[in-house]
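Note that the chains take the letters A, B, C and D in the order they are written out, and that residue 1 is the start of every chain.
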Amino acid sequence: MTITPPALSVFEALESEVRSYCRGWPAVFDRAQGSHMFDEDGHTYLDFFAGAGSLNYGHNNPVLKRALIDYIERDGVTHGLDMSTTAKRAFLESFQNNILRPRDLPYKVMFPGPTGTNAVEAALKLARKVKGRESIVSFTNAFHGMSLGSLAVTGNAFKRAGAGIPLVHGTPMPFDNYFDGTIPDFLWFERLLEDQGSGLNQPAAVIVETVQGEGGINVARPEWLRALAELCERQDMLLIVDDIQMGCGRTGAFFSFEESGITPDIVTVSKSISGYGMPMSLALFKPELDVWEPGEHNGTFRGNNPAFVTAAATLDTYWADGQMEKQTLARGEQVERALRAICEEQSGTHFRGRGLVWGLEFEDKPRASAVCKRAFELGLLVETSGPESEVVKLLPALTISPDDLDEGLRTLARAVRETA
Amino acid sequence: MTITPPALSVFEALESEVRSYCRGWPAVFDRAQGSHMFDEDGHTYLDFFAGAGSLNYGHNNPVLKRALIDYIERDGVTHGLDMSTTAKRAFLESFQNNILRPRDLPYKVMFPGPTGTNAVEAALKLARKVKGRESIVSFTNAFHGMSLGSLAVTGNAFKRAGAGIPLVHGTPMPFDNYFDGTIPDFLWFERLLEDQGSGLNQPAAVIVETVQGEGGINVARPEWLRALAELCERQDMLLIVDDIQMGCGRTGAFFSFEESGITPDIVTVSKSISGYGMPMSLALFKPELDVWEPGEHNGTFRGNNPAFVTAAATLDTYWADGQMEKQTLARGEQVERALRAICEEQSGTHFRGRGLVWGLEFEDKPRASAVCKRAFELGLLVETSGPESEVVKLLPALTISPDDLDEGLRTLARAVRETA
Amino acid sequence: MTITPPALSVFEALESEVRSYCRGWPAVFDRAQGSHMFDEDGHTYLDFFAGAGSLNYGHNNPVLKRALIDYIERDGVTHGLDMSTTAKRAFLESFQNNILRPRDLPYKVMFPGPTGTNAVEAALKLARKVKGRESIVSFTNAFHGMSLGSLAVTGNAFKRAGAGIPLVHGTPMPFDNYFDGTIPDFLWFERLLEDQGSGLNQPAAVIVETVQGEGGINVARPEWLRALAELCERQDMLLIVDDIQMGCGRTGAFFSFEESGITPDIVTVSKSISGYGMPMSLALFKPELDVWEPGEHNGTFRGNNPAFVTAAATLDTYWADGQMEKQTLARGEQVERALRAICEEQSGTHFRGRGLVWGLEFEDKPRASAVCKRAFELGLLVETSGPESEVVKLLPALTISPDDLDEGLRTLARAVRETA
Amino acid sequence: MTITPPALSVFEALESEVRSYCRGWPAVFDRAQGSHMFDEDGHTYLDFFAGAGSLNYGHNNPVLKRALIDYIERDGVTHGLDMSTTAKRAFLESFQNNILRPRDLPYKVMFPGPTGTNAVEAALKLARKVKGRESIVSFTNAFHGMSLGSLAVTGNAFKRAGAGIPLVHGTPMPFDNYFDGTIPDFLWFERLLEDQGSGLNQPAAVIVETVQGEGGINVARPEWLRALAELCERQDMLLIVDDIQMGCGRTGAFFSFEESGITPDIVTVSKSISGYGMPMSLALFKPELDVWEPGEHNGTFRGNNPAFVTAAATLDTYWADGQMEKQTLARGEQVERALRAICEEQSGTHFRGRGLVWGLEFEDKPRASAVCKRAFELGLLVETSGPESEVVKLLPALTISPDDLDEGLRTLARAVRETA
């Protein structure tokens, strides 16, 4: 495929220099369907990025599209603040019936504003309010968002520097396997907590991703998560699982922490919860933590009702039984086999992942970007992650067909080969 | 109208106690059209709240609805991160042609995430980066958002307390008319800036609303805004106008600061920019301030393309000429006459406003809430604002018909009378 | 007098660039007695600076010197941490009998470390602990010390910049007469406290100097102090009077706040409390505020027993009756007459003060430094203060003779004249 | 010895509850000489605490006493701010000749105020100014002082809680041997520094004690200090050695870091620098770091000239050759033998130390306090340290005679035995 770089004039002239993805993918996209995106020049791209995990059910999923158009056609409430609406009720009922009740999860549901960082900010506020302490523990290479509260618990130095104020009130601890298994889990963290002279401000909560997406596809083992949950319990800290990128089935189960058997105190959900790429987020928490005063946290777009409609449709369609989870795990094995083959062929490469989130790491770090660039030329959308952009990150839609998945993996293998 | 409180069971059982509007308006809303909302029991409500200013063109505006459905039908890109898309291009071109160029505004456009607080966080980050200073000056009774960066420059003590950490790095100054005209403007602020011993950390920027919506419909005079802009210039501080609630025509002109003739360094826009109640926001800034590194600030839903589509449609439909502004000012006069009549009849009441944002203040503060309650029973949606909820706030759609406006104002007058 | 600049080699070679007074007074001082200092080249200087207010009883006061040498000779405890010692007991008894009891002041006494900033840090900690709030209100042009807690409530921008971190947790309010009497007292402060939307973090305490020494000899009126005390009472804030420079008789009475009749919740005392220029400080507070846990604040040199000895001697010698206060006020009138004469002769000059602390302000700001320089050449030690060093500050020993005072004032007048 | 608890009335009635040592040692001390203190009831105590390390040359050392009285008798300048004085010159010359030059240390000398925490605050300010960063790394169980800047880098949770504000801008790292040698040195610290996604704010400096006195007599190995110095060099962080308690010969050499061969960028010195227990402190730093503006940091008592006189006398008397160091090491061996014997006899006890600072740790933690209580009854002054006061800390004067040392060690052994 030959791609002529389009005349990006209005983008270059008017849009801020902060724009990013459009630089690596110099096309003007027009339409999208399932696992494919189409640019205005007629090129087709296979999407292994899925809106950074926001499109688990593919682009413009026809089931959701139908529900959405029906809702819009009949003038359903679009913007509902936190008024009660029929669309919100339908979502809440579906969430209760398909997600919470079968998993025996006791959570209250908060709509904290439609983006992931809104949910994280709400979760941190609530934890601080409940515990009456200000400090939060996060993990190396965590990513939780770009507003100041979330950014303070995010690891990336480049993003942090953007704050323009010292980001304090948080302390990083080593994520699972940070020392390649040579150090006992939580050795440092637990010692700091137990030593009255350690200098660690007693944390209100710990915030963790079960798989760090932006951080380089770092996968926490279930036993590490269980030990973390026990440590939180023992040390009177709340456990917040940020499931914004890894929830909604990305790792197989609806919540990424299900595999480990833990029940976090607070869970943040966003990205694929609406299923259609529309902004929506949730903060879930144990009922005894629901100490909010009415209106103590709010937000203009926390009642994005069209998103509630598609969200309910995803739950009813994909999560009424265990099929989706099984399928994701099967597709994941397909990815794993392909990555293993690549790594066997190419020295200096490593792979890791769970469900349908996988990372291909290059010891020669700049090569990861080169692979993404070559993949784009070959019609495949993949992006890097990790602190030095050294990992190619695979986030195909959960609904991708085995053939499309296979094609993308073959393109990836070619891109790897051609950048060797 | 008699309203039977519906069985709100799933809301009460599952939704967090933080929910707020649904308590004052105990109905389950189902549909909405123009200036009316309809609950599931068949009641109709005239909406003088307009999604807290997010629905300037009414609910489910048919022109926008058509454009939106067309876009969805043809599988236009829904979720686009910050990729270049045809929808984004159409929006940028329309924004340039209809808004920026005719007003001779030089701004670069940033998509900082789809909520107002995302835009404020980005604006504050940018100001701090540009100036290399951390402190921001805000004003008494300001409201800028609920994430930690925005909350630190928000006045409301109840909201601030929710942070759970000391909110620092900001200093409040008196908003226009804070002392009823008895004190020269900026006397305190300017003195602090000029006195090397004042103890004020030199601010990177000042953030201001031209009309404080949440703060009680406090209207800044154009000459006050001009003096503020001059003070910022003189003292090397950036001027950020938060036009999230007052922009997009709410006060008449597209930007609320146009009347004063100032050109802020940074402008935040959200709420009604998509026109359809869908999450979207912008940060606008002078080109010389565009010092962002690619990706230094990001966000999953910053490319909410359906919102770009309806946003472009509002600009092409309503802002290609000066009609909308004229109409808003005319409707505003209608409101003003009605409020004057109410205040002449009812002692202890005061009114103020601009364009189509008006406040009716009650010296007997709890009465404002009683008026809203009674209005709801009479089929009118209005809400309070102000630090002690002492102001009934009128935010009808800009597209409201004179008859609907008249009906709502008569209902309001009745509610005021019946709570005397 | 002709002064040959000495060879300052070891000072220049070894001492940090931070050194300051030695630059304005380029002599090597050797001995001192009463109101005179003597350099190694045999020059004599009349001291109108008195160790920045630490030498209210003159250099090496013979009464104190005798007590000090006796104590050292008999091997009295020198370094006592917070052990009980006979010297501490003697001081406490003298302080109770001569100071607290006659003034009906109920204070507990804390030895927080021997410097003023130790006392301020302790006072702020205690206020925060008692009130459970973090914010402190200070005043424009306040000076409270150089450690981070004290510096955060200090006004001077140059000193604040030295912190290297944002100094937050404090908010400045206008000191008395900041607007030359044109604005009602506490208009801004009180309004911020009463307005739930003001954005002011509710303060734990207010810290104030009755006369701002470093800030430019700004004198608070008694009625302003009383109104401040009432405001603190009404708004549940503790009132801290920092009497480090103005206490110990500098303004006439032992405590500078006596004239106003207020009883602060917390008082900090240092500088002249030992009387001999030896490091010592106190924090005094109402007994109900004494919620410290044993050892919650400590410090190596908080038991500087030789200072306790001279401190007790000053109290027994000078404060057993009202003579010292009367004498100080009389000497103050002598200064006032001389300053009035200077200001009548020299346009662009203003004077203000109380007791034996006076300031001579120059509208032509750099002239104040020129006056000090010329005075030094003429054998008089005076220094500037104020945010732009625009005020010549007079702090003679309280024990100065009328003749010496007269001589110094004549030298000052000459220096003023010769720099016109 | 039978001790009748004295009538402490004025202490109990007037002195704040914060008082601490006087509770464990309920006597009223009157005189002191060498290694002995005498209470007013005629009891004699052997002092193994030495003013928490401030009396390395014993109480009221006769050589220093002579110099001090001579200076006072001849009316030498007592309070000198930062004026040049003959006493300061003599000290600087002696410090240069006896300390800096023989050790080839290039330091500039700053007088930052007379207490240890003044010196630490100055050191932290300077490091932040030089590097333009705000964050400081400290170590578990560090103690650096009680003012807010120093407290933020102090480990003890009880002391930290006294701050009343969140203590941020610092991050603790594991001190040497924190994991009993099972973890490679600096594994965690170095990894955080090298990982761009770690979330650690890049530090301006590292502050460390070579032996943690308050933290429980934790001794850093020379190789650990060398590795730390190399890490600081490699990662562009300044290395601050807080030698307030361990300097001035406590560990043998004048500076405690000499043994390791490192040259810290900044050194803080206080406690025993005056030698006579009088308040004095220094900040030393490499000349290229001397970027202070004149007066950017100041303090009323930074020119405590009598302390300069005794300080110079200690240097001339004890540090003109290597005798003092040899003697201290010999005395240290005497202590070590005694402690070894105790630990061999008593299970659950451990000892550690260097030079003349030693700790005796009890696995049964409360026993350490019981030992100190019993020792007091037996006429020996010793105190606990460590996060849970589980270590008896031995800090005899460096000038103690072998016989006195032996007597004290025998008393200690008896106290240990009698609390078993």
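Everything below uses one rule, namely that a residue touches a chain if its C-beta (ideal position, glycine included) is under 8 Å from a C-beta of that chain, and two chains touch if they have at least 3 such contacts.
Labels paired with UniProt names: A, B, C, D = Diaminobutyrate--2-oxoglutarate transaminase.
These numbers were taken from a predicted model, which means no experiment stands behind them.
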Longest centre-to-centre distance from subunit D, chain (CA-based): B
Between the pairs A-B and A-C, the one where more C-beta pairs touch: A-B
Separation of mean Cα positions, subunit C and subunit B [Å, integer]: 50
Centre distance in Å when subunit A and subunit B are each reduced to the mean of their C-alpha atoms: 30
Mean-CA-position distance for subunit C and subunit A (Å): 58
Sites on subunit C at which at least two other chains make contact: 134, 158, 165-166, 169
Residue numbers on subunit D that touch subunit C, as the complex places them: 6, 8, 10-11, 14-23, 25-33, 37, 40, 51-55, 59-60, 65, 68-69, 72-86, 88-89, 92-93, 95-96, 108-111, 113-118, 121, 124-125, 127-129, 134, 145-150, 152, 158-159, 161-166, 169, 204, 244, 270-271, 276-279, 283, 285, 290-301, 304, 306
Sites on subunit C touched by subunit A in the complex: 165-166
Subunit A-facing residues of subunit D, complex: 134-135, 138-142, 153-158, 160, 166-172, 174, 178-179, 183, 187-188, 191-192, 195-202, 215-216, 386-388
